[in-house]
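So, here come the structures, one by one.
Consider the two complexes below, in which subunit A is the common component and subunit B and subunit C are the respective partners.
On to the complex of A and B.
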């Protein structure tokens, strides 16, 4: 099929809500170049909610997975040595030594320093 | 099992339509697995995914019937957002205060933004046919693509602007939230964005109606007249209960593919349950003496709108159909030279 004449290119738009939040995909838009895409991104998707940063990415520059490659994403449930699940038995062991297990919830609660130190 | 090719480090095995390529490159295993699915296998996988609540994406395999149903639905939805901005933009210069003017301008901008989102979703689906939003606009002008029946009506007073925000957007919220879980991922994501803004639209409309309802006798009369004018259009909004009225209906195929869950009539009943008590609480009278809730059937009983009038409207013979199409056509044709000039520079 003959390619139609168009000056539009497809851009995917990503933005983050606050300086500490991760970039999140918003939507796609059409624009003649990245500068216009940036203007359109704000017009189209950021009329209300707070926004700390914006990325526009030309679709041509995105390498996605093919249908066949997606099939290979299926995980086998044999990697518990990589996860805390594989070490869950420690909880019982520590109880034997009259100690609490330092689990994920406990460790991540140390953010910003422990007040009781 | 057919062993197609054996090299020292490159083996391709074909078994049961699955092609396994096993090879090593620079000591790294880069084996791949490919399967040549038949049309029937693809369809079975597709149906299974939809049944499991999985989302279909633009580059996924989908049956033609699904793609065509989505294109019809989403291009009509997108074009209707743009055509729906037209009756409202008429009220931007006539809004009674600066705050109201800013409010309705923001709403008109949102509607155009919704059109942009939906046309993007439609364009990605149209790719195999080599079509884009320019073709959709031509289809609109030719009468091949319809815009929503409610946007063929005239707006006569400021109360109509309020009524559109409150009850037309209210009706739109009911049909659009019904599709938030749509099996087609890009449409569901567009609807999530749209519905969040529709909440503002509905409240913007409520604020206009509330001010008039608490105003002078003349203002109260203005909203009553507006309700009288719009009631039939609000009933028609959800479409006929079955395809027997107009010969076709999208509801069966969209329910089958889990794009929506409820029928037109269920959506209309849900609109009644949510809005009739609110309309009455403002001291308004619904222009249908037969309207009541039947406890036994657990259904609202109401006077059917004139479905012949509906058939005329969807053939672009409604009160403002041609005027609004012309407005769009003139602006598109007047500005066409810009698109031409820029395309020539690119190619």
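On to the complex of A and C.
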């Protein structure tokens, strides 16, 4: 294992452009604590583009997946029900049934017509 | 489909059908009991997560029923819904209700029981699926490789709950220990293959029961050790053996409920 960090620690920096946009991961930097990390993030990387908010997170506080745990991400390809496509197929189905109904009506009306002739 | 019929001897076919019904019915009722928790789990994210696991497991049951359909035993949906309790091969553990009460009225389900049952069952399933990956019945071996993919996160999920609740103090720990006792009472037939067991082994469908039990214990040991417990013993003989069609009244009412809609119109396409 790597040696325990003494003074500098790694921070991950997140920011968003506008108050309503999502936070996005930007980069990482070294700093002795969160306050310094915040200042460094602003001065070094946020000078040009507009920024609405910044998060700094000590990398040690991030729980990521280990290499072994990444096998838990696998899923079988049998879950169409979780990815409904907005019921787009319904229109086609309705058209099909409406067409059928019209046909039946038409046929019945022909039969009626013939009788009256 | 027809090719499979040609290469399989009648004797082997009987054994394969029996084993497939055990696997299918196990996952089917495990998922059904899981689905009854919908809307009732301790918090909303767990509700989604555990329901998702139930859906996956229902997907596994569907794959096993599909294998039965492919060797001409019947339509997969019909096999799942219409067979009465005295034709079911599932273990007693998965047919047990979630606790007192009915989910449409005042369910007093026991989350500790759910966590222990699901963890122990999933660990047993993983051991069997690992063995089935080398099954002499190739279609089953292929399905086992697929099912295995999703068992990693099912196991991680229930192990996490199991360890956390048993690492707590007071009521949670007591309820978990009571749940372990209750689950173990029903564990005798989980690894049993029933009366056809020897045929399964002789034809290389799966490994012996005691070998699988040993692996199950080894699998759980480090987890139990981490919380200062020892893996409980599996009882040798249970009151009933579900593999031989012996079941409780709870299975009868479960089938009645879950097949209610299906029975209204068995020819409907979904």
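Note that the second predicted complex is superposed on the first by the 81 of 117 C-alpha atoms of A that agree within 3 Å, B and C clash if a C-alpha of one lies under 4 Å from a C-alpha of the other, contacts with A are read in each partner's own complex, and residues count from 1 in each chain.
What we mean here is this: contacts are C-beta pairs under 8 Å (C-beta built on N, C-alpha and C of every residue); 3 or more make two chains touch, one makes a residue touch a chain.
Note that this is a predicted model, so its numbers are computed, not measured.
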- Task: Kindly classify A:32 by the partners it touches after superposition: subunit B alone (first), subunit C alone (second), both, or neither?
- Result: first
- Partner chain(s) touched by A:43 [first = subunit B, second = subunit C, both, neither]: first
- Tell me which partner A:58 touches in the superposition: subunit B (first), subunit C (second), both or neither. neither
- Message: Touch test for A:73: subunit B only (first), subunit C only (second), both, or neither?
- Response: second
- Does subunit C touch more residues of subunit A than subunit B does, or is it the other way round? B
- Task: Take the contacts of subunit A with subunit B and those with subunit C, and give the residues found in both.
- Result: 71-72
- Message: Help me check something: in the complex, which residues belonging to subunit A touch subunit B?
- Response: 1, 4-7, 27-30, 32, 43-45, 47-48, 64, 67-68, 71-72
- subunit C-touching residues of subunit A, taken from the complex the two chains share: 69, 71-76, 78-79, 81-82
- Message: Quick check: in the complex, which residue numbers of subunit C touch subunit A?
- Response: 55-56, 59, 62-63, 146-147, 149-150, 152-153, 156
- Query: Of all residues in subunit B, which touch subunit A in the complex?
  - Reply: 32-35, 59-61, 106, 109-110, 113, 116-117, 120, 123-124, 130, 132-134, 189-190, 193, 197, 339, 342-347
